[in-house]
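Common to both upcoming complexes is subunit A, partnered first by subunit B, then by subunit C.
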Partner chain A sequence: MKKFYYMVRMVFMEKMAYMKALLFDAAAALASIFVYYCLWRVVFKDRNEMQGFTMVEITTYIILSRTLAMQFSEGINREFALWIYEGSIGTEMLRPVRLFTNLFSRRVGEFLFYITFKAVPIMLLAFLLLGGAGPAGGINLLLFLLSVLISIGIMFYVEMLVGMGSFYTLTHYALGYTKTAVLDLLSGSVVPIFLFPGFIQEILTFLPFAGMVSVPINIFLGKYTLRESLMYIGIQCFWVIIMYFLAHGCFHKVIKKVVVQGG
Partner chain B sequence: MALIEVENLVKEYKRKISGEGIKDALYHILHPVYETFRAVDDISFSIEKGESVGYIGPNGSGKSTTIKMLTGILTPTAGSIHINGRIPTKERIKNNREIGVVTGNRSTLYWDVPIIESFRLFQKLYEVPDNIFRKNLEEFTEIMGLESLLHVPERQLSLGQRMRCNIAAAFLHNPKTVYLDEPTIGLDSESKRRIRTFIKKMNDERDTTFIITSHDFQDIEMLCRRIILINHGKVVLDNDIEKVRKDFDQKKKVRFEVENNYAMKSGEHCLPGVSFQYIDSYLIEAEYNTEEVDAMTVVGFVSKYCPIKDITITGRDIETIVQDILYKRL
Partner chain C sequence: MSRIRHYIDLEKAYLYLGVYTLKEYPLDSIIWIISIILREITGFIGVLLIARSLDGINGWDFYAICVLFSMAMLTESLGQSFVDSVWSIGSHVRKGKFDTYLTRPAPVLMQLLGSRCNFQAMSTFTMALVILIYGWEHIGIPLTIGNILFVLEFIICGTILNTSIYLAFNSLNFWLVNSGNVAELALTFRQFSKYPLSIFPKLIIGVMTYMIPFGFVGFYPASYLMGKTDWNVPVLLPIVMLIVASAAGLIWRTGMKGYNSTGT
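Our next item is the complex of A and B:
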């Protein structure tokens, strides 16, 4: 545990070296929030609600979904793929901790950095500028945070699988773009899931991706009853477990075949 | 059981044949063809604690591949490896705690943070007690001249400085064995000198076993008591470096600086097993076979004819010997 803390700390320090890039990231995120906001304004021009959502709620949806989705273009799949591609996986395999732990600590470090320097400031700024509904209640806020935390687990394993895929393609970026696009679409970050046709909605809410954006936001806004909220969080946990086994299974196969390039 | 036991080690790489031209390339996407390439071909050796081994051979002979298997990051195609009784690929993490690895073209440190932060992280990961860590850090800093580097991020260091830090890092947790794969490649002579001094000291004082690959024979001559020479993935020679010198270096050269070599040159004197060369009127070079005559005889012989002012005796260096073994000039 102590080791884990020091590894997370290291990732944090590494990220701190690139604080300037942060400003651009934040500006881009704010711009995209604003664009979505304008689009939705047009939609709400001659109506007060849509599928039970008011403009104020949609504003919250936009801010939260854009901020949460910022993580999709990052994640450890890029780094992991690069390790395989460049052969630095050899170096990482020589550390006295398991590769999975090593990668998970990187993911956690990245997440903490994201929360402190991206998510919180961007959300606060966007809420100040555009308004938007606050959490429906204290319990909603807590469950929202819980749901976001669990979604990190799912994201981590998705990223692991995507990263391992690069072992077969031997490119380090192609699958990354695909991941970003797929997650954006299926998590409800581009188009809210309630706008999809009925049966697709059903499917999407039970897939692991809804838990990354749609579920936490709906909990936040009080669109789910407590029972529903807990059920969706249960589904998220279920997926974490499934993905855990899937990722570990693949990992052991891949690592045996790993050819450490170069040297 | 020795510290490192390698038996009949084989590594085959599968290489995709991509063919020539776009048409071929497209064809091969649908019908991939592989060829296998034996990079390591039936290698066996064992290394005891405290040994200093130079693992040498031409480019592409399979040195790095062997090291990668020894450290457990590549799985052998066949054969067995036991490091301190463990199979490194099976118990990699346990093995990792007891080894250090340095690769010339790759860093284990964290690029964007000051060196000392990487060291501190390693201290935690390897569970090095504070007092040992402090003592090591102090000693290593002194020998390798790291004071001014510790608080600088790795990305701002020169190659030589970076490598010194990497080598220090590999020894921080008092490893039993350290593997060094071309640690001095492309370095300035100051860095090379410090690195050699450091490795030698670790081996002498702490009995740290090490295996080093290098194309710089000065590294090998200064550091290693034993060499394993490989070529095309096979062991060509595995012996004590002094023994190799004796066995293969039967020809030696003596260079005499004399007052005047006229007396000897004009007399056409000869000694069996020795060939004399007269460079100019003050210099004589004698090449002799150590099995037939010894140096004293040669010196005595020359001194009969001309007063000697200075003598230098040179053997062939390990580099030349190795070249000769590889290219069968012996």
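Our next item is the complex of A and C:
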């Protein structure tokens, strides 16, 4: 546990070095929130609600979804791919921690940094500027936070799989971009899932991606009953377990190839 | 004269280089192509889904959005294909790579722009053309020689304009060596150009028209094609392009003059 704590802290400190870059990230996120806000304002010009959402609720949806989606363009897949690519994975595996624990602690450090310096300031600023509905209730807020926390697990394993994929493609940006694009679309961060055609909606809600953006926000806004909320959180947990086995299974295959090539 | 021929030969060599890098790692190139298509499509689907479930956005229906989006995509993908290395000015300054360029007998800007071609982006160019034709057909924009010439003019001027804005922003790296990537700000502004500008507050429309004219790489030309504006875009476009390109050139030249090697 102590090792874990130090590794999390290390990544946090590493990230602190890029404070200035943060300003541009924040500007970009706010701009994208604003673009979607303007788009939806036009939509609500001559109607009060759409599929049960009011403009105030949609504003919340935009702010939360754009902020949560900021994580998609980061994640440890880049670092992991770089390790494989440069061969430093050999050294990393010699450390007295398991590779998955090592990377997971990095991911947690990254997440903590994201929450403190990106998510909270950007959300507060955006809520101040644009308004938006608050959480539907205390229990909604708690379940929202729980759901966001669990989604880190899903994201982590997705990132691991993407990182391993770049072992076969030799450079890593392309797969990273694909990950960002796919997650953006399937998680409901570009448009709420209810705007998709009927049957696609059904599929999307049960895929692991909805748990990253759509599910937590719908819980936050009180669009799900308590029962439904718990069910969707259950689905998230289910996906974490599935992804765990998938990632570990793939890793055993990939790692053999590393050994063959000599690292 | 022989100088110009030398530059043409050089440019050809750069293009060959681009083709060879494409063939170097075929699997990676394919994934590149899939990934940029996916990236463009996600943004596109977003607006389309909104436009579909309503009857258009501010008078811009599904097909008008197709035309607008595809036009913005045409310039962006051409830029990515041929002059994407404009984005590496920052890292070149930090690593002192311009030292090598300065010793070679060709303009530094030409060497920089030639140093990386991503021909994979031609796939999005093709996709944009298909979407443009699809939207064009449904709206029933007359297929006159004038309109076709205008699209050609737009593809050339729009790409130069787009790249010039990127060049101006990236050249700021000469002064702000240690401040992350300032140029990302350009991408932030560009987000606005993919949507009908008229949905935004006046201030943003003003900025996108007169200060950072991304409006001319999508919105105004598309409006002109569909008869949604009184502006004489075919005349304005090259003028805007010339002004922005000279400004960008000036910023680049001033930055290059003050360039000090980092010594690495």
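The working rule: the second predicted complex is superposed on the first by the 258 of 263 C-alpha atoms of A that agree within 3 Å, B and C clash if a C-alpha of one lies under 4 Å from a C-alpha of the other, contacts with A are read in each partner's own complex, and residues count from 1 in each chain.
Note that contacts are C-beta pairs under 8 Å (C-beta built on N, C-alpha and C of every residue); 3 or more make two chains touch, one makes a residue touch a chain.
Everything numeric in this text was worked out from a predicted model, so none of it was measured.
In the superposed model, A:Ser88 lies in contact with subunit B only, and not with subunit C.
In the overlay built on the shared chain, the residue A:Leu39 is in contact with subunit C alone; subunit B does not reach it. Partner contacting the larger number of subunit A residues, of subunit B and subunit C: C.
In the superposition on chain A, contact is made by A:Met13 with subunit B only, not with subunit C. When the two structures are aligned on the shared chain, A:Phe199 is found in touch with neither subunit B nor subunit C. Once the two complexes are overlaid on chain A, the subunit A residues touched by subunit B in the first and by subunit C in the second are 18.
Within the complex, the subunit B residues that touch subunit A are 13, 64, 67-68, 71-75, 92-93, 96-97, 99, 101, 103, 105-108, 110-113, 117-118, 120-121, 124-126, 153, 181. Of all residues in subunit A, those touching subunit B in their complex are 2-3, 6-7, 9-10, 13-14, 17-18, 87-91, 93-98, 256, 258-260, 262-263.
Residues 18, 20-25, 27-28, 31-32, 35, 38-43, 50, 168-171, 174-175, 177-178, 180-182, 184-185, 190-191, 195-196 of subunit A are the ones that touch subunit C when the two sit in their complex.
By the touch rule above, subunit C contacts subunit A in their complex via residues 25, 27-28, 31-32, 34-36, 38-39, 41-43, 45-47, 49-50, 53-54, 57-58, 178-182, 184-185, 187-189, 191-192, 195, 199-201.
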